[in-house]
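The following pair of complexes shares a single chain, chain A, combined with chain B in the former and chain C in the latter.
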Partner chain A sequence: MKFALKILKDFPAYLWSGWGAVASILLFIAFWDAGNQVYGDLVLPSPLETFKTLSVMLSDESVITEIKTTLYRASIGFGLSLVLGTSLGLLAGFFATASMMSRPIVTILVGMPPIAWIVLAMIWFGMGDETVIFTVIVASFPIVFVGALQGTRTLDGELKEMAKSFKFPWHMKFFDVYFPHIFSYVFPAWVSGLGMAWKIVIMAELLATSNGIGASLAVARSQLDTPTALAIVVIMIGSLMFIEYIILEPIKREVELWRD
Partner chain B sequence: MERLEVKNLNHSFGFTKILQNINFTLQKGEVLSIVGPSGGGKTTLLHLCADLMDVQEGSVTNSFVSSSFAFQEARLLPWKNVIDNISMGLLAAGYRRRDAIEESKKIALRFGLEERDFEKFPKDLSGGMKQRVSFARALVLKPSLLFLDEPFSALDIGLKKELQTILIDMISKKEISILFITHDLMEAIRLSDEILLLKADPGHIVKKFSYTLPQHERDDAFVYEQSAKILQDEEIIDTFELRMK
Partner chain C sequence: MSQEQEKLHATSHYLYYPDEKDIPPYLAYGFRPIFLLLAPYMIISMTLWGALWSGVIYIPFIGNILTWHIYEMLFGILTAGTLAFLSTGLPELFPGMVPFVGKRLKYIMILWLAGRLSFWMIDVTGIYLAAFLNLSMLGWIIWFAKDAVLDKLQRHASIGYTLVAIFAIEVWFFASELGFAKSSSLDILKVAAGAIVVLVLLAMRRVNMEAVNELMEDKGIDDTFISRPPKTNLAIFAISLFTIVEFLYPNNSALGWLGLATGAAILAITADYKLKDEFILNQPFVIYLALIYLMLSVGYALMGWDILNVNINGINHFRHFITSGGIGLAYLVVMIIIGWIHTGRHLTSNIYTHLMIGLIVAATFLRGLIPFFPEYTSEFYAYSAVLFVIPFVLYMKVFFGFLMAPRADGIKG
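After this line comes the complex of A and B, so read on.
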């Protein structure tokens, strides 16, 4: 609670520090506009046209439905990865054998290209929610898993000994010694897992479903509707940036104040 | 009567014998030092006495009502500020949070930390300050027995003196018993009632020295004089490999 308040209190200062980011986004839009003047509307519609299309789309009920569909798939997939990845990662981390055995599996999961998973999932689950959700899980689970595993594996033996010498009860061992350390590994893993989930959900939808914003992107491509395609890209990137910079980063800052 | 009794203690890591046939008794109110070269098994011995490690052979009987440990390194929780770090032991002992914080602040000031340091995380502290915090964390519990593992070795002379003075004050009031581990002979002479000399490979006790002059009456001259006396001893020269080659 105290923590949440502190995050809110520091939020304006954090936003203020974001001027550099805003400037770089504006610069990017300027280049984009220049690109439009060189290559023409069909190849690269102007930022203005894109944002107009975007605002039309966002007031369209059916587009909102597509976004909701995608959000639903991404959150189910990411939510499952988060819960499974964190709990299994912690479990594996506490046992040396388990962490050794899990390594090759993680390598396979990380090394296999997502597109191959999509193809397999299409064969196994057909065209629909399951395929997308499965692919999202397969892509983001290993990231979360590895984060939790490393957090647990790198627990400091000297601090454990210190806790033992002061006879910490179990809840203090957990909340004051283990948790902050593990969390400092798990939280960044959640953030990258989320980014991964969001990218993969669009890709899987594009290839394997007839709804969701990924599918809308496929439709826009087949109709050579570049403004809509770009507007969808803006939605994807905009939402990711919102989650990352407005929600996650301020939390991360407070959580990791103690770090160098 | 509270005491710590070590009998016929042996310890090995794998096939390497680290400690061999260690025997001593630490009585309440006493300061017992174990002096020996680095790698001689001193930390291992202390961990066995403090029940941080399982005894393999022999016995350790500790009847002190309370004890705490100051490690060779500060071992602070990096995600807790100074005061929270100090209060950890109190909280573990069941103190209410408010009381623990209050006690911790009091002792922090006594150990030369300043109010503006209270909220700092260990990453923003100098080595000496970390060691003060570690010391405060151990002493705020008012332990009956204190385990000290070369806590002064990384400190500059001034701070070393300062912390030693606090200890000597507590020793004179008979508030505390100390099992003190060091490779610094003069430090041991300043603080101890009894010094055991631990020789390495495997660690065994070769000599015993006792001092009756109360600690607060020992001045530099006394420490130098006693050191000089001890350093003439063949056994010491051997143990510390001081012989001129």
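After this line comes the complex of A and C, so read on.
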């Protein structure tokens, strides 16, 4: 509770510190606008036109439905990898043998290109939700798993010893000694896992489904509708940035505060 | 304790103070004669401009009143402000440098006054004389500040380089007016405004560090304020880009985004006021200083928005948030801070300082928001000019006594 209050208290200052980031994004948009002037509207629509298309799209009921579909797939997929990855990773971290054994498997999972997973999933599950969700899981699970594994592997032995010799009660041992350390590894892994999930869900939808934002992107491509395509990209990036920088980053900062 | 602490502030120059005899208090340090002249000059010149714009008097200014009005508000005031800042700041920043006082200071002030006179009489005395006097003034300031540029550690060199750039822009302006350069002199003045904003940011970074930390020490606030260079540098980069693009491609839509980016980059600097442990945003001087950035930021953002929005056409009105608002406030805040600290006093805020700052802000809003109230255009022009002048009257009332008397703590300077 105290933790949540502290995050809320620091939030306005955190938000205000984002002006530099806003400035660099706007500089990037200016660069994009210059690109539009060089290459023309068909290749690269102007930012202003894209944002206008975006606002028209967001007031369209059917587009909202597509976004909801994608959100559903991404959250199921990411939710499952979060639960599975964290619990298995933590568990594997406690046993040297398990972590030794899981390493190469994780390497295989990470090394396999997501596009190959999509092809396999399409053969296994057909065109639909399952294919997308499966691809999301295989892509983000290893990231979360490795983060959790590192968290438990790197626990400081001396700290454990100290907790033991002071005869800490179990809840203190967990919340004050293990948890801050583990969480500071697991949480950033969640953040990058989420980023991965959000990218993969669009790609999988584009190739394997007929609805969702990814499918809309495919339609925009086939109709050479660049403003819509770019507007969809803006939705994706915008939502990811919102989740990552407005929701997760303030938590991450508080979590990692003890390190200094 | 308080006596001793008082002596600690702004006294690095003390050991190297020249032993010229009979220096009157008003020539005892660089800022003194400048502020004694600048405040009345602001009042007189604003009154003259008001009379000129409303048709009470007529000065042709070589047939281009607007251009020369902008020239004077940018360069005429700049030389005074910069000289005050450098002649007061450099001996503190570079211990061992001999303060610039007494007779030599008097001659430089005469040069500045001659520059002003040559400006107002330009229809009689000609552009060449105005160019010669004003360029020698700025040139002399650069020569005076050469130690900052040649400093091995290059701690404050950026200010020197910016001044050299501003000097080049002023030469360019006169060349254009005399027919030696093709660019429109009005466009060159926009470039000058951009360069001056860069100079203001560089100077304000130093002023902030000195003033805010001193303020906290005075009030017993146990924290350190650090103005981080990367943030200022990002803002300077954005301003430079905006200025160059505006000169080459005015009204280009990319410039609109650059304006918004510049506004955000300047606002980012204010995040420095959030300290690690203590809350200082309730300190009046911190608010004064933050308002400078806020005004500059609003100006650039509104200009950017104007370019992107076809229904609004007021970019030169919005520019006043940068010039009257940001640059004007920067001069006034520096005049107030130096007026307290370098006359051997504590940094104090009172109803007068609040009024001075508040009136400049109000004048800027009246001037800058004219495009939204076209039916009140002439009223807004008049009121904003009046509101802009009052702070300098108040300045004379509060500070002229200090400027004419020796330092309160008995130290030379």
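Operating definition for what follows: the second predicted complex is superposed on the first by the 260 of 260 C-alpha atoms of A that agree within 3 Å, B and C clash if a C-alpha of one lies under 4 Å from a C-alpha of the other, contacts with A are read in each partner's own complex, and residues count from 1 in each chain.
To be clear about the criterion, a residue touches a chain if its C-beta (ideal position, glycine included) is under 8 Å from a C-beta of that chain, and two chains touch if they have at least 3 such contacts.
Keep in mind that this is a model prediction, so the values were computed, not measured.
If you put the two complexes together on chain A, you find that chain B and chain C both fit without a clash.
Once chain A of one complex is fitted onto chain A of the other, the partner contacts of A:L27 are limited to chain C, with no touch recorded for chain B.
Contacts of A:Q37 after superposition on the shared chain: chain C is touched, whereas chain B is not. Touch criterion met: A:S46 reaches chain C, while chain B stays clear of it. Once chain A of one complex is fitted onto chain A of the other, the partner contacts of A:M100 are absent, as it touches neither chain B nor chain C.
Applying the stated contact rule after C-alpha superposition, one finds that A:I246 touches neither chain B nor chain C. When the two complexes are overlaid on their common chain A, residue A:S17 makes contact with chain C while staying clear of chain B. Nowhere in the superposition do the C-alpha atoms of chain B and chain C come closer than 10 Å. Put simply, chain A uses no single residue to touch chain B in one complex and chain C in the other.
Note for the complex: chain A touches chain C at residues 13, 16-17, 19-20, 22-27, 29-31, 33-34, 37, 46-48.
By the touch rule above, chain B contacts chain A in their complex via residues 47, 50, 52, 68-69, 71, 73, 75, 77-80, 88-89, 91-93, 121-123, 137, 141, 147. Of all residues in chain C, only 231, 234-235, 238, 241, 252-258, 260-262, 264-265, 267-268, 270-271, 274, 308 touch chain A in the complex they form. Contact residues on chain A toward chain B in their complex (touch as defined above): 158-159, 161-162, 164-169, 172, 176-177, 180-181, 184, 257-260.
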